[in-house]
Amino acid sequence: MTEFRLDWERHERTGTSEAVLCEPKTAAQVDAIVAHAIELGRRLLLTRLGNRKFTRLSAPARAALDYDAVTRTAILGGLPAPRGSGRVVIVCGGTSDLAVAREAARTLAFAGEAATLHADVGVAGLWRLMERLDDIRRHRVVIVVAGMEGALFSVLAGLVPCAVIAVPTSVGYGVAEGGRTALHAALASCASGLSVVNIDNGFGAAHAALRILGEAPGPAPTPA
Amino acid sequence: MTEFRLDWERHERTGTSEAVLCEPKTAAQVDAIVAHAIELGRRLLLTRLGNRKFTRLSAPARAALDYDAVTRTAILGGLPAPRGSGRVVIVCGGTSDLAVAREAARTLAFAGEAATLHADVGVAGLWRLMERLDDIRRHRVVIVVAGMEGALFSVLAGLVPCAVIAVPTSVGYGVAEGGRTALHAALASCASGLSVVNIDNGFGAAHAALRILGEAPGPAPTPA
Amino acid sequence: MTEFRLDWERHERTGTSEAVLCEPKTAAQVDAIVAHAIELGRRLLLTRLGNRKFTRLSAPARAALDYDAVTRTAILGGLPAPRGSGRVVIVCGGTSDLAVAREAARTLAFAGEAATLHADVGVAGLWRLMERLDDIRRHRVVIVVAGMEGALFSVLAGLVPCAVIAVPTSVGYGVAEGGRTALHAALASCASGLSVVNIDNGFGAAHAALRILGEAPGPAPTPA
Amino acid sequence: MTEFRLDWERHERTGTSEAVLCEPKTAAQVDAIVAHAIELGRRLLLTRLGNRKFTRLSAPARAALDYDAVTRTAILGGLPAPRGSGRVVIVCGGTSDLAVAREAARTLAFAGEAATLHADVGVAGLWRLMERLDDIRRHRVVIVVAGMEGALFSVLAGLVPCAVIAVPTSVGYGVAEGGRTALHAALASCASGLSVVNIDNGFGAAHAALRILGEAPGPAPTPA
Amino acid sequence: MTEFRLDWERHERTGTSEAVLCEPKTAAQVDAIVAHAIELGRRLLLTRLGNRKFTRLSAPARAALDYDAVTRTAILGGLPAPRGSGRVVIVCGGTSDLAVAREAARTLAFAGEAATLHADVGVAGLWRLMERLDDIRRHRVVIVVAGMEGALFSVLAGLVPCAVIAVPTSVGYGVAEGGRTALHAALASCASGLSVVNIDNGFGAAHAALRILGEAPGPAPTPA
Amino acid sequence: MTEFRLDWERHERTGTSEAVLCEPKTAAQVDAIVAHAIELGRRLLLTRLGNRKFTRLSAPARAALDYDAVTRTAILGGLPAPRGSGRVVIVCGGTSDLAVAREAARTLAFAGEAATLHADVGVAGLWRLMERLDDIRRHRVVIVVAGMEGALFSVLAGLVPCAVIAVPTSVGYGVAEGGRTALHAALASCASGLSVVNIDNGFGAAHAALRILGEAPGPAPTPA
Amino acid sequence: MTEFRLDWERHERTGTSEAVLCEPKTAAQVDAIVAHAIELGRRLLLTRLGNRKFTRLSAPARAALDYDAVTRTAILGGLPAPRGSGRVVIVCGGTSDLAVAREAARTLAFAGEAATLHADVGVAGLWRLMERLDDIRRHRVVIVVAGMEGALFSVLAGLVPCAVIAVPTSVGYGVAEGGRTALHAALASCASGLSVVNIDNGFGAAHAALRILGEAPGPAPTPA
Amino acid sequence: MTEFRLDWERHERTGTSEAVLCEPKTAAQVDAIVAHAIELGRRLLLTRLGNRKFTRLSAPARAALDYDAVTRTAILGGLPAPRGSGRVVIVCGGTSDLAVAREAARTLAFAGEAATLHADVGVAGLWRLMERLDDIRRHRVVIVVAGMEGALFSVLAGLVPCAVIAVPTSVGYGVAEGGRTALHAALASCASGLSVVNIDNGFGAAHAALRILGEAPGPAPTPA
């Protein structure tokens, strides 16, 4: 028995590529997966790969990976030339939400989509959002990243016609409850048509954006 | 043993009067309390007195009470001439939050304070708030009443210098969780200096406003 | 003070129209809103309007509304000719989820978008999903409606490249917790790129689909 | 893109100054913000800046900051001469709640308001509160800081006419649940007119006090 | 198979008698149990027997039972002459908590223990507690019944040396959460030596008091 | 202002002495309290004093304290000669619950009460409990300490007539939820007359036992 | 589109038949399903069909169904001759848990398995369990049904070698939390090898028992 | 008093052996238990024994134990020759769930049962499950190990006739809530006849499988 079985055909089926969530895996497991991908000549995105675990990878794995400690992502096989740009904008409530916002940006870049990023536009100083509103409206998809009470989700969705994907973050303390309050605020928003991903899931928001931008291919390959 | 013991000296101690929370009491208990207050010639505010329970009160009690079914409040002894006005404004996120907003207004009126009320200024259509902002800013205390995701709390607190009291309401469904999401949003707000009362507690918000407006009296009476 | 203030310009700003959430409103408030819209000659969608409340509306309001008891929606001003079709498909886990699925369909129809609906394709009998997979894949947006454990969200998102919007429903008992388990399953899905709306929120899912299909208009109107 | 955008005009809009919540920020981000403020000659309050993160700041930042490890606050630009005193009193349930109480005191001092502090007046030994009651009643605002079951909030609010701001703390274990029990006790208090801030949020309580003491300025500046 | 099997020897084993929790039972089941006890000539206490279910019992059962609608208890076989008195006092936070307090009193009476009851001594008016403190201190066991934030538990336990049994009640709304806040307040109390029973469980508090008052009998009967 | 104010008269009021909960206090605060007690010649019990914090106390404090790392308790002034014994028995579900059981034993010893301890009598091997049942029944108070699902509470309370105090522990994982499942099992027990203290609160259980054993003194001293 | 699509091949795939969960379905939907099954000559089990909904079914449906109001189950097509017996025993904590226990028994009977039922063997009177233990041990599968604190699960699993399936019920109040405490107690049990189904899910426990008794058929039919 | 009391007769009573849960025990306690078992010549399984605690055991204990760091299990006395095989299969959703899956396998091996293990068959790539389905169906018991949203539980149970034991794992973040979402998904599954054990409880799943495979012995030994 091998410990993993990558789903290389996922892109053909769903338009989004297999990626490796490293947080619950041991360094040895991540190492084996990277070695396997290198062997097959495949590109790969690794997420939630903490700095400590990265340094415990084998030297060849570390050499092969383009690692970014802030977003805890690593890329094997480099970034493609952007196939699209100006279609996705990422708006970020506070400086503290930037790591998640950049995880989304890097996931998009891995898929060849260049995104614009507007940081620190929290609603406590609403003018910061207002002065960037015209630029935001020019995009097809807005990824909004916010923690604490997540009021930015509603305010923005009430002002723009784009597809809006809310990413609640775990920023905050006490009743912020590790992002649950921002998550619930996004889901219970009085501004309609918002859709939401898991807490701190910049990666998932990027994939949701890619699905929105994508063209539906033909009939699915046989699943077995 | 009698079943109740009213705290008629509360106003002297705390600046706010004893009131009767009727929801968990039987009609017989409410009746007895009202009869006792009539006997003593005292004014009294009754809250959370549902229509069904009101109709089960004795005829004299019903005759003596000024009952309002929407806010579920009843007043014994009439309203005083307003001693103050223009100091408290109540801002209300949606039409659905009006019952709570009016409970606050009626509690203030019982204490002689006239309040202004702005309804339906939810953030999904932000212009509705903006066009009333100048008026809101003229008051010392703003009571903000909102349900669902409670984004209005943060937006408003970021725009005005007044004391801001947030009243989350149980309006919403699913993850709105009977007002918990709005409550947590108010407490975790990125706009600082908000203070918060229990879900649907328009009465409590009014009392908090009265404490803010009040003048601290001298040393407390001996508690026993 | 009037009790409501409709946001007629919302469609220009966000591409989705103002709608009226009737559940927390009194019959009198709903009546007043409908009368106001009739006066202005506006179309209007009412959601979560229970049968009992509908029968308590005034005769003119009832006459003017096209009411559907199963989805608890009412439409004022009729349905437009479909401007689009074949772009949105609604997939429904069990017979019990149909009311929510049809709320989504009716919201889309109100906006001129005709949707396909596949019912009762729960994962306990996976062949029911498999035999419809080719049809599902032909659409740009899939709205998936499921309660209980919500496994359908992951299975479907792993098989199609479309934008996938998950609507968890409150179908189930015990630990299904009024839809929370299905909601969390959608958010924590191992199939990436799913986005999620509030429990039982067929209306919101439809609006999210409309945002995805829409074309971003020019710069926003001044918000105040 | 810069990573932060400070809201220097906040004081003009809301009467409370921008402050920097350091907990979710990297040392590099805090460093950059401090450097920017020094460059502009602005005063700044930093909160939730743990000792470890403080020692990782650059030497110039550390030199410029007046850092207090107990309250985890740092002040740039020094304290102003007190513009007011004798208006705010801070009452603290147990020795363990002192860090939060002092965060409130330091936030007030940063804004020029001198506060009195009464420590260790928990209700298990009620006489400790009673012997200070006359002094407490002389103030306009009481900030009450308590953890565990938070009974002090109700007892004090039943005895004084001042504006009462409850700060639940995370002191306690088991069902104290990181402060949730004290928070809920404050919100569900049988003593009316209490208002409440987030768990451990001494900073927010101070800002709420400042809003209460403040004079409402004229119409708001244009938000964008 | 018979549907029930009463544990008539419980009193010999534990000092407290078998009682019948009627809420989750059908009227037919309660009827059969009562008939069986009548047949055996046994006394029986029935708890949580709502008025509607009582009226659906058979005529003989209804005739044999001493039913009290407020406490939802029924007694078969009458009350014994009190074997003890002046040992248990029941203190009750608000008028709304009286039903639970009286369930405790009636359970004690069924076991031959007469209890004193002090009603409406909530902490919002602390003088009401203080003026009865000397009487309370004369008892061996204090049962304290309170809802909302349950501050009374701590205040009282800090003032008396008696065994203190806290009964949180479901009185309150919003974050009172059906009694959970009062329950947690009792458990997390800063006054030590409190012990606690389930929400609204006046019956259980009475049994805990009886265990405290009881004399330990000799070795247990063989359990099988 | 001093940071603490000990309640030396507590024993006279409540029959249980002041103790110091060290977990949320800094080493400096604990040090100051110990020094103060030494100065006054008072005995003192310190609880939840972790090994790391103990080693950071000043040398004189460490020398004066009788410290026990397993129970995290320290005693200043030595143990008194036992004034009672054979009245309290502590029964402990698993080896893992021993630290909490011994905290109870040490708290009792500090008050002069010697307790018997039966360890590892979990219900998965019921014979272990049965063979000690006769000894357990001879005591007036049983303190039962158990984690995980807490079935021991119900089984034991169904077999003995003693006062039973349940101490749920945080032993367990997953849905054991840090002791919440054991706590709820104790409170919802089908065996009546159990009373319950906070999770891991061996100290509180001992104080509850002392209250049960105690003689009610005369009228309370004036609280202020 | 038809509203339902029954999975008649389920028995071949999984050894358990399709059943209809009626609670979230409208009477019209249940009616249509029954009519369809009658037309095809299929047997069918309906669960959670409340009395009120049953009476709203069409006359032919009502005539064709063998309905049992206590268990809220209905059977179409009659019961088969038992193919097995003496293999499954159902043990029931209290009289109140009988409805769920009988739902399990009826589900087994529908599949041709006769089960033994022992009622009212709660742990508060342990002798009731002990005297039936020898009979219980003779079966291959024990279904244990209990509410409140669910101590019976652990006690029984510690005494018998059979496969043990725990069914927590919603019997209880306060912290019993609609069955969550019993559920968690079963999952966190110190007696190993218990397995658990959803709250009140007698149907599911019966199916789990059938899977245990079944013989694994050959390779699966192609799923699509 | 000794600190532990092993239940060596458990296998005779329940068919599963006593095991030692090491997580909440001190190294000294584990050491003493191992020494005792060595002395008696007994085999023993230790679970949740972290690497750090293992290294703190005495040299003789470490030498005697067959320790596996990934599953955190240790075996004293070696593995028996398999008495059965081909009866249990373990299916594992992701690479990250392998540690739990292997804890189950090792627990089975300790009891003489050899199990097959299929890793990384998550539903996001359904073909991985489909190609192993025929092998899985050949077994009597399937242990399914999955985290995140746990969709694999429902998909698999809908395809095979075997007894299915679901083991939710704590793999995931945000709303995965340490395994609660996977747990609830397993319990609320639309595929009937699943049974479930605690989060990360591979040990318990193995014991449940052993109970299913076991032969019921004769009447129980007297419990005391």
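As written, the chain order gives the labels A, B, C, D, E, F, G and H, with residue 1 at the start of each chain.
Note that in this section a contact is a pair of C-beta atoms (placed from the backbone, for glycine too) under 8 Å apart; a residue touches a chain by one contact, two chains touch by 3 or more.
Source: prediction; values computed, not measured.
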Path length in the contact graph (chain B to chain E, fewest steps): 1
Centroid comparison with chain C (C-alpha atoms), farthest chain: F
Superposing rotation of chain D relative to chain F, computed on C-alpha atoms, to nearest 5°: 90
Result of counting contacting C-beta pairs for D-E and B-C, higher pair: D-E
Most distant chain from chain B, judged by the mean position of its C-alpha atoms: H
Whole-Å gap separating chain F and chain G, where each centre is the average of the chain's CA atoms: 43
CA centroid of chain E to CA centroid of chain G, Å: 35
Mean-CA-position distance for chain D and chain B (Å): 26
Numbers and ranges of chain D residues touching at least 2 other chains: 10, 94, 124-126, 130, 133, 157-159, 172, 174-176, 180, 183, 187-188, 191-192, 198-199, 223-224
Residues on chain H engaged by chain C in the complex (per definition of touch): 93-94, 122-126, 148-151, 153-155, 157-159, 172, 174-177, 180-192
List of chain C residues in touch with chain A within their complex: 10, 13-16, 19, 130, 133-134, 137-140, 157-165, 183, 187-188, 191-198, 203-205, 207-208, 210-212, 214, 216-220, 223
Touching residues on chain D, where the partner in the complex is chain F: 70, 94-96, 98, 117-121, 124-128, 130-131, 133, 147, 171-176
Chain F - residues contacting chain D, complex: 1-5, 7, 9-10, 18, 21, 23-26, 29, 33, 48, 170, 178-180, 183, 198-201, 222-224
